[in-house]
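Take a look at the structures below.
The same chain A turns up in both complexes below, where it pairs with chain B and then with chain C.
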Partner chain A sequence: MTPSTTFQRPSHIARLGTVFVDIIVRPSGAIGLTLVIAHLVLALIAPFVVPYDFTEMNATLVMAPPSSLHWLGTDHLGRDTLTRTLMGGREAILVTGIATPLAVMWGGLVGIFFGLAGGKLDEVLMRIVDAFLSLPWILKMLVLIVTFGTGIEVLIPTLAFFYGIPVIRIARAATHDVVARDFVQAARARGHSKMTIIRQELLPNVRDALLVEGAMRWSWMLLAFSSLSFLGFGVSPPTPDWGLMIADARGFMSFSPLGVLAPMVGLSSLIIGINLTADALAKALGIDRAQKAPV
Partner chain B sequence: MLAMLFRRLGLGAITVWLVSVIIFLGVEMLPGDACTAFLEREAKGKLLENCREDLGLNRPALMRYTEWAKGAVQGDLGVSAKGQKPISELVGYRLRNTLLLASGAILAGIPLALFLGVVSALWRDRPVDIVVSTLAIFAMTIPEFVSATLLILVFSVWLGWVPGIVLTPANAPLVEFFPEVLLPITVLTLVMTAHILRTVRSSVIEALASDYAQMARLKGVPYWQMVFRHVLPNALLPAINVIALTIAWLLGGVVVIETVFNYPGLGRMMIDSISDRDLPVTQAIALIIATVYVGVNLAADILTLLANPRLRTMHIRKG
Partner chain C sequence: MTHSTMPTGSVISVDNLSIGFRGKAGHMLPVLRNISLDVHQGESIGLVGESGSGKSTLALAMMGYLKTGLRVLNGDVSFEGQKMFSQRRAALESIRGGRLALIPQNSGQSLTPTLRIGAQIQEALKLHSAQPSETFGARVIELLSQVRLPDPASIVERFPHELSGGQQQRVAIAMALAGEPEALLLDEPTTGLDVTTQAHILELLRDLARDMGMAMVYVSHDLGAIARVCDRVAVMYAGEVALEGSVRQVLRDPSHPYARGLLASIPKLSDICLPRALDGRPPAPGGAGQGCAFVSRCAIASDVCSTSRPDLALQPSGARSRCHHVDKVHEIPLSGDREVGKRALSDETSLSLKDLAISYARPSLWGKSVGREDTSVPTVEGINVALRRGETLGLVGESGSGKSTILKTIAGLLPPLSGEVTAHGGAPLPSKVEKRASTELRQIQMIFQNPDESLNPRQTIGQILAQPLILYFGLSGQALTEKTILLLDQVRLGGHYIDRLPSQLSGGEKQRVAVARAFAAEPDLVLCDEITSALDVSVQAAMLELLDDLRRQKNTSYVFVSHDLAVVRALSDRVAVLYQGRLCEIGPTHAVYGAKSHPYTEVLLGAVLEPDPDFTPELSASDVVELAPPAMGCPFQRRCPKRIGSICDTVAPPLREPDYGHKIWCHIEEI
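Our next item is the complex of A and B:
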């Protein structure tokens, strides 16, 4: 051992590369990432590759079984199930894909700030966070959605707001772990402002935890989004959406089980893909997620 | 010790109070009120004014909040806007039905989760662990309405073993809910088991790698004795909190499951009340669910405190 060597910090890109390799060498990470990427690509190209228009109805072919024309059969209005399944994730991915980074950003910043500031204000904030978390998610979402309507412009801020609240907790806990360490004390002793400490000392150390949290939040948001669609509070017909499709086809599943099975496979594979990736990411970054609560 | 207990109780009470404020404000935000919902299209002019006068809706919000909160503490949750019935009456059976669902899932899920969690930790990375952990990820991440619909398709449409839809009225005796309640319980159990078993697994693995477990092995304690005497008591303590969180989450998360199965519980009542704009009912149900959540978490905190000798003496060591 040569004690005099200085530790060379790897560049961000090199580190990203290592993390990426670390994810794909794990079987769960490889499968998960493949699923996620496949879904993202599909969401982009779906409108150009689907065989039919998703609103096109065929009154002579209602709840038809699979055929060479309609590989997965048709739904109760004679619309092509394959087309609608392939298109069914676009709205969900768009909404949650915008809402997740927003949630992580606002929740993360608030959590870091109060984790650093501490004191009475922090105590009060945590009580409010606890109060919010003790309400079932669906109630909170529904109140806002019933108030403001069900469009994307309502769903994105609503999801971002409510799913940022648990992030506050995670960011605050991660900040507490860091704040007590020497380099933060040193920065304080140097007289740096709170903002500088947050930017230079806390963010780089809390970023990993937030990244993993963001990945998990994404899957929970998708779950919430599709549950809302299923319950009739999400996207409105005739937009193809997995949750909505399952709700529609449920009444007819004894005649055409593919009508529910196809969107199920679509939705489940995306959510499982995200979770596997998040798990692999957590392991690659050395963050233990297992103790996290299901809220 | 006692001081710590009181502190927790106090925090719990503050949380419930905050929740009641949030609920009240949230419902205030909703467009329309109990009167516009009740009168529907005739909600204008004199009729609307009279109705608001009758229900006291024209008084300031703070006054209405105080009155509502005072009533809620005494078990009077107000009057439903639709049926003009006391809410405690409406909620009673629904709460009972949801508790039936939840207790079924708890009774089946917790032992199953503890067993599978310990087994998959002890045989970590072996086939049994891989199978259990993979299934857990599936059960945990797939939305409840998907697994519920899938179970209905397989067990009631294809196999015809159990009914897929609950048709029993809300106020029927509990016995009549069998066998209809079995599928909803199964869905709940699946999700709950997955969450708990993952925590149990990781905390057992952590305990197995700890110094005291190593020490026990090194001084010659047989493997199984080490597992049962040294590892499990330490590892299962943190599980109490996760079990509590899961149970608490379960009471809110049943909403979707109850809707899928048409189960007459609190969750479906909540959805209905929101769609119907029956605000007093929404407020009441939200308050009940939140109180249960806080209560269960509090119970877990206290239980952990009582069961863990290290936490019990913490204040002494802290000086």
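Our next item is the complex of A and C:
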């Protein structure tokens, strides 16, 4: 067998390309990705396209119904609901967009390390993780936020910390699958260091599971962030935020429903978009999310 | 046996059947091409070929079943005159499992784990038996004794996991027999079973076919098994029948180059030479071109072979062969001619194992703290072996005999309970791999059974081979690339493989990469753990040649573990026979395979099948699988056909040395 053609390994970019194509050919992926990208683009350009300043109040037009001037009406302080809805995702996307990669990174590394170490240490630490997961998340977060105060510099590490814990489970389970395989045994028998084994043998095989998990965690985190805002522990007024807007407008829901509906549509469309994309990503990467997600 | 019963009518008739799937480019790619085959009543026909030859697809098509994505391109299959592919679903279901039964490869997985054996067989009876349901209980017992399971009344109450692999296979056969089928399809029914178990199952199938007058279609890659149970054989290649004839015509003097190559690539106990490798690989579906599918691998191919596809033509002998040059096939020899050369072995010790004992049981903290003694019997015990530089030691035994366990301990992956592993006569090696020095690690390399598992799917071949080169020699840049290409050349792959991923390679190519990775470390000792058992026979022969070449060039020692006694014989200088983690016999290959040997070695050798229709295996011991070694006495006491008395149960057998260097542990004085 003499080679007639040279063979080129598909580059990382080419692999990303095929994964991307694999995502958008699925209905869930096409819809989900469109929603997510639309939200990201809107968040970027919103300050330049919105018709009003989000702080601009109009005492004569409080809780006005939709009109040609205010397409979605105004809120209880006479601020434009459309403007505030369009601007309302920026803070949430920024905070969770930073916290999600952090959560996946620390949770992933700890999980891979436990998975590789195995044995008693692994057992003990996983029980601690279980204990953490059994507490209601909102309580855990409120404790930290009440102690350290609100604001991005507290919210990001808090979210990253708590949402990294379920990632530990996923990373550990995926690592367990890989560690049992002979190529890891072969690397051990050659005498490679633990760090080399993690970097060369484990990470490339666990990465896909972590990607999908990260996408899922993002949507959970968005929901958590909005819930915190709703409770008054997230974004401080007058910054517009969906959670906060829902909290403010819910008292007047019966005669001004758009005040609640508009931010709700904004939040749910983003979360649904992320979920659909994560599903399509999992299928494109060949990971069955239904089997791997414990929480 | 060939002409014992003249066929009366055909039970299954395959008529010009082609099956294919739609490829990425949109064309239909054929998996089976123009198959015509009749299976007559009371006849057993074997389908053989390499993996991917379409033999299993054909067997399933005989049930009217296609795997997802496959569809019939033309032709049909009829069962007792009924066309299977134009049947309605309900009609098919009444035939399948009842009048036409399938026995799958891994029956352990085809039994429901939560259902008792009796209930499973009753289920089959409910579906396919016309008898009143009150008789089912008795019928289950009858079926179980028919497949020669000892004590059927107690088997009925057991769950599948409580049975051994061989017993599970017997239950699967009993279930298939429940519907009193007219034809039985068997898809590799003994693959994955131990040699002794396989031999017993084959004898059972042979007798059942004869007693019940069923037609049998036996799919296997193992010509030895085919020779034992079949009357007729169809050799499949690239989705075609290449040769079809009586078992004698096909196995004694096949009139097709592929069948001859396949036969020559099988290692035989009687052969001193290495089996002959069949180079190249079969064409992918749709890649056969317009000529003969075998043309690229054929030694006698001429121009006409690449331009016109030969017909399956009737030969004077009565066989049908798809070859343009039937007159010339006899130029292709039926056995290898490459002798395993005598190598000058130095007296330098490469490896020595002293009193090695290994246990998987870990003493619990609680047990230790209350001072409880560990009473479990170690998995492996009393292993004393020394290996000289350049020597090859074969380790044989059934599954569970501790062969792989010993390799893991040598490699440092499994610390022993007691005993020492020493290399080069120096100080004992640290038992844990993490504590070993870099040179100690480099000198011992291991190759694993399944290359799909031992190569990281996310790394290119270049990255895989670079790991030992960087770790042990600190190579980088141009030197690293050059050395990687050199390694690929050494295992006859070529430098263009460097950028490929393992999934783009065939099984044989992947295992070559694994061999190259082991030799990248320039080791003194290579541990080979069943490294050919996941490969096709033709590929296995090439792998054995490669290993022989490499040990000549580099003076490397091998510890070669295999359950296949013929493969071990082909390569080893010395052989150690293990039973339940204890040595039974060790000595030069010719002595162990010779006249004087341990009763267990005799049992193993007697069960080896040869691809010869006149060969009868000698089955002396039962095929009961033991799960743990006995606490005292001889490890083989419970199954030994030559047991001399209670001394075997109580006293550890003494060492006898019938010849210099040939050691046997047995109570029998005159071995």
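Here is the rule we go by: the second predicted complex is superposed on the first by the 282 of 295 C-alpha atoms of A that agree within 3 Å, B and C clash if a C-alpha of one lies under 4 Å from a C-alpha of the other, contacts with A are read in each partner's own complex, and residues count from 1 in each chain.
To be clear about the criterion, contacts are C-beta pairs under 8 Å (C-beta built on N, C-alpha and C of every residue); 3 or more make two chains touch, one makes a residue touch a chain.
Bear in mind the structure is a predicted one, so any value in this text is a computation, not a measurement.
Student: In the superposed model, which partner reaches more residues of chain A, chain B or chain C?
Tutor: The partner that reaches more residues of chain A in the superposed model: B.
Student: Once the structures are superposed on A, label A:Ala187 by its partner contacts, choosing first (chain B), second (chain C), both or neither.
Tutor: second
Student: On the A-aligned overlay, A:Ser227 touches which partner chain: chain B = first, chain C = second, or both, or neither?
Tutor: first
Student: Given the touch rule stated above, what does A:Leu276 touch, chain B (first), chain C (second), both, or neither?
Tutor: first
Student: Please indicate which partner A:Glu201 is in contact with in the superposed arrangement: first for chain B, second for chain C, both, or neither.
Tutor: The answer is second: A:Glu201 touches chain C but not chain B.
Student: Looking at the complex, which residues from chain C come into contact with chain A?
Tutor: Answer in residue numbers: 280, 411-413, 433-434, 436, 438, 441, 445-446, 448-450, 453-460, 463, 467-468, 471, 494, 496-497, 499-501, 504, 517, 521.
Student: Within the complex, which stretch of chain A touches chain B?
Tutor: 127-128, 130-132, 134-140, 142-143, 146-147, 219, 223, 226-227, 230-231, 243, 246-247, 250, 253-254, 257, 260-261, 264, 267-268, 271-272, 274-276, 279, 288, 290-291, 293-295
Student: Per the contact definition, I'd like the list of chain A residues that touch chain C in the complex.
Tutor: Residues in contact with chain C: 1-3, 6-9, 181-183, 185-192, 200-201, 204-205.
Student: In the complex, go through chain B and note every residue touching chain A.
Tutor: By the definition above, chain B touches chain A via 11, 14-15, 18-19, 22-23, 26-27, 29-31, 137-138, 140-146, 149-150, 152-153, 157, 195, 198-199, 201-203, 238, 241-242, 245-246, 248-249, 251-253, 255-256, 259, 270-271, 274-275, 277, 282, 285-286, 289-290, 293-294, 297.
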